[in-house]
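Labels A, B and C are assigned to the chains in the order they are written; within every chain, residues are numbered from 1.
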Amino acid sequence: MSALAVEKLDLHHGLLHAVREVSLEVARGEVVALVGANGAGKTTLLRAIAGAHRPSSGRILFDWQDITGAPAHRRVGMGIALVPEGRRLFASMSVEENLLLGRMAGRSGPWNSERVFQTFPNLAARRQAKAGTLSGGEQQATAIGRALMSNPALLLLDEVSLGLSPIAVDRLYESLGELMQSGTTIILVEQDLGRAMRVASRVICLLEGRVALEGATAALPREKVTEAYFGLNREAVPA
Amino acid sequence: MNAQTAFKVERWTPASRGAIGVVGLVALVAAIAPLWLGPGAMDRLSILFVYVILAVMWNALAGYAGLVSVGQQLFLGLGAYFTIKLADWGVNPFVAMVLAAFIVAAIAVPLSFPMLRLRGGEFAIGMWVVAELAHLLVNLDPLVRGETGTSLIALNAFDAPLRRNLIYWLALVSLLALLGGLFVLLRSRVGAAIQAIRDNEEAAASVGVRVTSTKRLIFVLAAFGVALAGALWLATALTFQPKAFFSVQWTAYMIFMVLVGGIGTFEGAIIGALIFFAIETWFGAAGVWYLVGLGATALVFSLALPRGIWGEIERRTGLRLLPVGYRLQIKLPGGAP
Amino acid sequence: MINTLVQGVLLGGYYALIAAGLSFMFSVMRIINLAHGSLAVLAAYGLFALAQYFGISPFLGLLIVLPAMAVLGLLLQRLVLDRAMRAGPLVPILATFGLAIVIDNALFEMFGANTRSLGNFIGSLSYDSVELPGRIFVGELAIGTFVLAVLLLGGLQLFLSFTSYGRAIRATAEDADTAELVGINARRANAIASAIALVTVGLAGAALGMRGTFDAYSGSAQLLFAFEAAVIGGAGSVWGTLLGGIVLALAQSIGATISPLGFLIAGHGVFLVVLFARIWLAGGVNGFLGRRA
């Protein structure tokens, strides 16, 4: 029973072919880790699923509906929320205002400001602070909270640990622990391979725009993933 | 690229060599035209030359330096005003025209320092405000007699046919000098700098292009050209009514010519001026609807055909008649260029 | 002198009113709408036509004209500004300038060269005044315009700060791409901002017509005043717009006491002085000369 299906997706940045004929499926409630070196196409893929990047070819299906042509703001209404790489908060607006923006799509569900502040307790004290003045960890929490406010069925997390101290990352994943068990479908991009494989039930490894490896984390030994990550075992690509 | 591919860097194309030849021929014919043209036609041609100057100068500022000014009428009016002043002090009117243009260029230099610090819309309207202020200040001069205006009386010293010929030749020479000068400038290092700035200002600055000085050069050059055009217009119109010279209508004409012809291309400005001249000749008498048409055309072109007529021709055919850039011709191993 | 200052402050209210829409559109969409003044004149003519040919008082006429301006704002955004914004930084200036030329000349074609006024249709309000201590008379209309400006600016501020659409508009202005990712329809947010801006333009047009005269080509002057007031006050600040309007009007009023042309000269002069001073303060003498520090 798949919540998300990506079929032979091609994504370009101008002339650069960033994602090549990628197909994948994510079941409802799964936590999938999307890993790969920088430039492998992970962020581009997430943005395409969220609607911020138009595919050159291929399809994206969400709950069996073809959403390939749907604009980003409509996808939020359907239940897809992206926490973008680099957080991308509205720096001139307060934490609370950033969160309230998450409600624009109008989806109903358990998430509201209070619940976000409960999940990220360090944020409660900074409620009225302008987002530009927050620490890295606080910003990341706000960005995730903003996405949660739209009560997503599919949550896309792009490199949430980027630029954070180890303690902040620990705290973040601790707060996310409950979320990860809650039944929300999650795709997360994470540089820290160990952490990714701890929280996810399945891992997909991208290399130069293609799926190099995919499988259940329980069944895949770490070394195999590392090999796929760096492309150590593939045949030479013809010139 | 492996060793088998050869490439050539060219500046001219066969078509453009031909075009330069044609331009030379046309200039020659135009120079001796007074021999057979009647007074009405010569007046109209002088006006055409003025329009071409205005279009090429506005294009240089907006299309090459990226500065959209809604206030170039400032220089037009000042060029005419200083011509009147100098003639009033006894200077030969034709000398006064050229001198006035230099005076205006000199004024443009200090003006450029604060104005070039403005961006986009601020620069556009800022220039308009300066034009309005200049209009008001000129009105304060008793010589001008407010909106009643005054005339370039000194021109009456010349009898009509000679006066007409002199104005015509001065207009033609000014046009060729400005066009030629700009063409040479754009093909020089300064021209490369200008195009780099137009493409990406920050990147240009990072490779050492002196952005502000380059823009200043174009700003002052455009001021000079427009002022000269203003002086020439005064000569054909004879009367100086500040309202007519400092009107923002002139900017509307310049924008129309450049947008329709093709912004950022040399050929485009010239074509735009020719089109405008033709439209004005046929429809100018239609009154205000003519202006509505101009505005609507500019609006539609800016949204739908931003490259203008020549820009589209260039894009589809790669035709370049007055090239200021470089062409890269690569010979692939198969032999096809 | 006191009288001059008081009249100046009240005139500033009108300038703040007409500058509000221009400033709002700039802070939300980074577009300076060169057709701004012409649109105000369009609204004034609309009210005039309703009063002259249908006998509808301008105040009632606003009930028709303001919604029409809102719709015009939506159309303007969809047909012109959306495309202009995507096409590059030069295009909005050129497109809105072309639009201004079209509006100005179309109005001339429709209504002719006569100057018009709404003053004939508002009864004694056009000249009623209130006496302040010191034998100073201030027009009721001028006071009303000032109060309207304050209410409008305050309303805009409240709207932007406390309503969800206001937040959406602010977010779109800051980062349209991320706004979309959060569920905001950026095109709709901009369209609503344009509609709001044009409603304020409609109010300014009404004030223009009631307090004085206008003709088809008055738009340029109104645009320049609006722009000057907005820039003097500091683009993007709602209350700055009020301050800017007052400073401009005071300069003009004081200039008028010196010479008939002094009104406009002082206004343009103070604008340039503030503009250049800001450049100077930002970078010192070197900044002024364009050299890097």
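Note that a residue touches a chain if its C-beta (ideal position, glycine included) is under 8 Å from a C-beta of that chain, and two chains touch if they have at least 3 such contacts.
Every value quoted in this text rests on a predicted model; they were computed, and no experiment measured them.
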- Query: Both chain A and chain C are touched by which chains?
  - Reply: none
- Most distant chain from chain A by Cα centroid: B
- Item | Chain whose Cα centroid lies nearest the overall Cα centroid | C
- Message: Between chain A and chain C, what distance separates the C-alpha centroids? Give it in angstrom.
- Response: 44
- Distance from chain C to chain B - Cα centre to Cα centre, in angstrom: 32
- Message: Can you work out the whole-Å distance between the CA centroids of chain A and chain B?
- Response: 54
- Message: Among all residues of chain B, which ones touch two or more of the remaining chains?
- Response: none
- Note on the structure: In the complex, chain C touches chain B at residues 26, 31-32, 34, 80, 83-84, 87-95, 97-102, 104-106, 108-109, 220, 223-224, 227-228, 231, 261, 264-265, 268-269, 271-272, 275-276, 279, 287-290
- Task: Going by the contact rule at the top, pick out the chain A residues touching chain C in the complex.
- Result: 50-52, 71-73, 76-77, 81-82, 84, 88, 90-93, 97, 100-106, 146-147, 150
- Item | Residue numbers on chain B that touch chain C, as the complex places them | 62, 66, 68, 70, 113-114, 116-118, 120-122, 124-126, 128-130, 132-133, 136-137, 139-140, 212, 216, 248, 251-252, 255, 259, 263, 287-289, 291-292, 294-300, 302-303, 306
- Would you tell me which residues of chain C are touching chain A in their complex? 164, 167-168, 170-171, 174-175, 177-186
